[in-house]
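Chain nomenclature is as follows: A, B and C, assigned in order of appearance, with residue numbering initiated at 1 for each chain independently.
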Amino acid sequence: MSKINLHPDRYFDPQPEVRRIARELYDHVRGLPLVCPHGHVEPRLLAEDVPFPDPASLLLIPDHYIFRMLYSRGISLESLGIPTVDGTAVEQDSRKIWRIFCAHYYLFAATPTGCWLEHVLAAVLDIDEKPSARNADTLYDAILEKLARPAFRPRALYEQFNIEVLSTTDAASDSLEYHRALSDSSFKGRVIPTFRPDGVTDIAARAWPEEMDRLRAASGLAIHSYREFIAALEKRRAFFREMGATATDHGVNTPFTHRLSGQEAETIFQKALKGQVDANDARLFTAHMLMEMARMSVDDGLVMQIHPGAWRNHNRFIHERFGADKGADIPVHTEFTGNLRPLLEAYGNDPNFRLIVFTLDESTYARELAPLAGHYPAMRLGPPWWFHDSIHGMIRYRERVTETAGFYNTVGFNDDTRAFLSIPARHDLNRRVDANFLAGLVSRHILDMEQAREIARALAYDLARDGYKL
Amino acid sequence: MSKINLHPDRYFDPQPEVRRIARELYDHVRGLPLVCPHGHVEPRLLAEDVPFPDPASLLLIPDHYIFRMLYSRGISLESLGIPTVDGTAVEQDSRKIWRIFCAHYYLFAATPTGCWLEHVLAAVLDIDEKPSARNADTLYDAILEKLARPAFRPRALYEQFNIEVLSTTDAASDSLEYHRALSDSSFKGRVIPTFRPDGVTDIAARAWPEEMDRLRAASGLAIHSYREFIAALEKRRAFFREMGATATDHGVNTPFTHRLSGQEAETIFQKALKGQVDANDARLFTAHMLMEMARMSVDDGLVMQIHPGAWRNHNRFIHERFGADKGADIPVHTEFTGNLRPLLEAYGNDPNFRLIVFTLDESTYARELAPLAGHYPAMRLGPPWWFHDSIHGMIRYRERVTETAGFYNTVGFNDDTRAFLSIPARHDLNRRVDANFLAGLVSRHILDMEQAREIARALAYDLARDGYKL
Amino acid sequence: MSKINLHPDRYFDPQPEVRRIARELYDHVRGLPLVCPHGHVEPRLLAEDVPFPDPASLLLIPDHYIFRMLYSRGISLESLGIPTVDGTAVEQDSRKIWRIFCAHYYLFAATPTGCWLEHVLAAVLDIDEKPSARNADTLYDAILEKLARPAFRPRALYEQFNIEVLSTTDAASDSLEYHRALSDSSFKGRVIPTFRPDGVTDIAARAWPEEMDRLRAASGLAIHSYREFIAALEKRRAFFREMGATATDHGVNTPFTHRLSGQEAETIFQKALKGQVDANDARLFTAHMLMEMARMSVDDGLVMQIHPGAWRNHNRFIHERFGADKGADIPVHTEFTGNLRPLLEAYGNDPNFRLIVFTLDESTYARELAPLAGHYPAMRLGPPWWFHDSIHGMIRYRERVTETAGFYNTVGFNDDTRAFLSIPARHDLNRRVDANFLAGLVSRHILDMEQAREIARALAYDLARDGYKL
């Protein structure tokens, strides 16, 4: 039975001098509140505040980081209880699912998912053994027992986690009813929405007509024209701002930006309403909508985030059987210098504009993104994203970005998670890795301790607040 | 006179704690047999088992890693005894060639070729001095004397090297006569072929007509049609399997995959028979043949390897004068996410299929290959290849691949060599670098020693056996 | 008040054994003269040898590395005294500009600009405090006082810096009057021109007609035809060689090379004279001119440098208001294997040709550039350039290049600067980082100390002299 070892010096360089400095810097920031400006926790979770049902439903079934790894080793998603699109029966026995996970826990060795899981198990759920085939049932029962306690309900955990603000991600037509319920409740936390209109700006998506109907309902506009479409979006942005939003988010295939004339936009929009757009129409329209979102951000002050470069639903079999977000999104080569130019030319020098750019293509960190963020006043760099939100991913990011863009053109950390229990694990890992990076600079006499302490705090707290206008 | 120093801690991190752990992990795997599932040793070498003739013919003339470096510094290939295509005379004096090499030995400082050479010289040939202009003749004589001894004949070395299995790489039409001779002999080793049909699937190659004639002769089929072509390939695969093959290999410009209809394939094939294919025909046909090879692998269970992204024979002068494989192949930017999709869509979820993918474009490790291997059950990642089969190349690979794909979606090590004497050197270097990588994780409390020992053994032995179905 | 700490072990690995070796290797090379084969110091500076006016004019206004970082944080270029194209007034008070810089000095933490600035302040200007809002005026006065002393005039500093040779970068039509003045003067230094004909080879540039007029005046040729254009360039190269030049330099969007027929070249050239070229004409002509420059280098022995991959003047607002070289050049993805092939096919095996290639796309180091330089006798690799001329940039370069190309297919260091006072800082940083890289290899028993000392000297001195034929 292997013990989980949340060693106080974990993730730090083994060289004693670096480790000593890293520990000091980490101690300086470990107690700071968690600022969570980008993520995918459901607001309903906190609004309803009901106990989590069982270990598998809590930790495995919603987390595509975990089940994609199991799937890659030949374990069917059915056996892991992932619901099918057509309702075909899948495994319902949470304990059986948990056993499969435990028997394959060794697959997560040295992955960020593995690091987060150990933190969740040991620091949140008080489990001190690594999952294995042998202890699966014992762990299952122990967790189940915990989840029934009041201290393990979502709001209690929110408090215990020391979260200062939690941004959710919401469709343009979202009623934000759970956000409203939360602000109307006795809950003291700050949970704010983020405006993510991909559903209605991606005119080639199969679900676009229904998404448009939802937008019509939410905006109270009929939306027969491109102009009305823009008006509806502006109205929804105003509503999101009222509800506390400080940012928008845009997931696109490429960061291509391009200004259409009003007439061109109208023509494509009309084709979309008739279900007649082709790939190039959609590409141009998305590029144009990024320009429009930037224009609106200049007006209303919402920070604009762009998340480009994922080939969504790469595995058609999985997509058709289980739907989207099932661990089958694969990054592609991404180009920013040319693609972002029209947007930066129009708004990049505007003091009212704030653009945060993410990438899944690390080759762009030093080549394109750091030089862009190190020049344009409007642009900042988002933290390492998704596959790169990991120990080595964070190190590569700091090493490639800092020398050109400095620390202050970045925006701190995003936990970016649906896994509510992993939020402290993710911030902790990031704070450790950043402390260790700074310790390396101090030990090589590139920074002094006074600078390092200030920067550690900025990376863990200040830059997220400032970058997202929180 | 500089001494060769095969230091027991070579390639390990100098930090004492990391080094101590690395040494322990390395000691755990150093004695494991060598599994060699991909390489270019000639089976004839072991079948005939005659003594190696002299140092230059053994170590230099067959090794394009060595003579390309000398050529890059202005040393002509003629002076190094590389045979010309048209038979123009080149240097025949092995001792003179050896002297040039020794005088330029300093060029290999900090290259993997340099590391391997030192191991070959010191551990295999008992030479304890680094080659230089001054000691060239002494070393030459010392090696020559060794090569005459029975212990330095190929089969004796195979035993001494502790090789468990050695895969060769063979054309589709190969008679496999040396493999047969070996299995008919008293030799205890396991030497198995790999089916590499590039010569007949690359319909644009100048040598295609002759390659097809060889395939006709080997298959006993006339091959007037695409259907007969496929039948011939299937027949040859069956023969390779009978002879022990567990894998196929495919060297392509890009990993583009695409399914042609039977009619389309036939049309292009007929054009090829008439010598009328253009570049696009060839591109589509190669893409289609990858699909066909995957389909056959699902049927016959042979593991499919794809090695894409080398611009072969980049230097026309060298190609025309000296032929292929003369150190003038240069990598190109490679795209996998889109290119492999048709193949993965068709076969990537099939439990009977196993695909091992290699790359010369390291920017794809974290961006495309680890996410693909970390999702599709059929796909695994080949080890760092060719230019990246080096200390820093291996470190980059583990750092970029592990956090997304884990260790168990990779397939251990390939020595991938024609240089028979360097096989133990290459495995040893790899085992050391992997042990050191794991030691870094242990020292940062990311893995415990129990995990690290198990993973070290997997990387050095189990994953190669499992990945290649050996 | 924070002190500047030019620690004797700065930039070295903190592990004591590595640090000890790094220090020993650095001590071996720290006193070697500075070879400066590529840079942008104005020869007029040394020819006129007048005192530097004030801290802002000396350190900030000419250095786009510094003001682009300030601009990225919302500080206007007007407030930093950057002159406008149309002469609109900008800040003239050098002290006010200096105060802004000091108040934002923290932005340069862990950037190479920050490292160089500390060295300039502490080692050249005897300032021992880090700039801040509080000490801005004190530092300003202290520097001003220094600049008035004879020891701080350009020629005195040139001597003090121990510069052996300084190459400038000069237009094809440059009179080289300051170079002549220097060689006619009592000045003992060696200041030589570099032939950079981009102004006349980029036929699509707006300023091309005026550049051509300057070339006509300088060459004494009317240049009505492509043939005369070539003759004018050959004449200017001969003049540059007489004036001491050993190299040419070519800044291009991409390294695309392509041979036009004489007739094709003439046709495009005639269109250019009429102002009728399109983007494709310009692209082909530039590609052809690279071929021509290589041909001329074979004849006259000038070393050819190619600097590709910067999207110049990406920010139109900045370009129109402040002109070129204002920190708004952004790198793009670059391809070498295919693009350089025509040039390497024609001249890459020629012993009279020497080509030095640079990149802003680090993904090409291991993938394309090291394999090319590790094969073609004519090709060498330039040092890490621009955004990558930094501690981590240099480490990435050595780690990605060395194992394939070795050390001897690289050409040492370029300071590449307009900031004359930073020359020793840049060489010192590079010598430290290379010493530390070699120390890492020694500590892992990949090199012995004898090799490491020889290579350290080669990297710091010999390879630059040899690579640039100095």
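We adopt the following convention: contacts are C-beta pairs under 8 Å (C-beta built on N, C-alpha and C of every residue); 3 or more make two chains touch, one makes a residue touch a chain.
Given the structure is predicted, the values throughout are model-derived calculations rather than measurements.
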Review point. Same or different for chain A and chain C, where same means more than half of the interface numbers show up on both copies?
Key: different
Check your understanding: Can you give the rotation angle that fits chain B onto its twin chain C by Cα atoms, in degrees and rounded to the nearest 5?
Key -> 120
Exercise for review: List the centre-to-centre spacing of chain A and chain C in whole Å, with centres computed as mean CA coordinates.
Suggested key: 40
Exercise for review: Give the residues of chain C that touch two or more other chains, as numbers and ranges in rising order.
Suggested key: 15, 363
Check your understanding: Which of the residues in chain C end up touching chain A in this complex?
Key -> 2, 5, 7, 9-15, 68-69, 71-74, 106-112, 115, 311, 314-318, 327-333, 360-363, 387-388, 390-393
Study note, to complete from the structure: Per the touch rule, the chain A residues reaching chain C in their complex are 15, 17-18, 335, 337-338, 341, 344-345, 348-349, 351, 363, 366-368, 370-377, 379, 399-400, 402-409, 440-441, 443-448, 450-451, 454-455
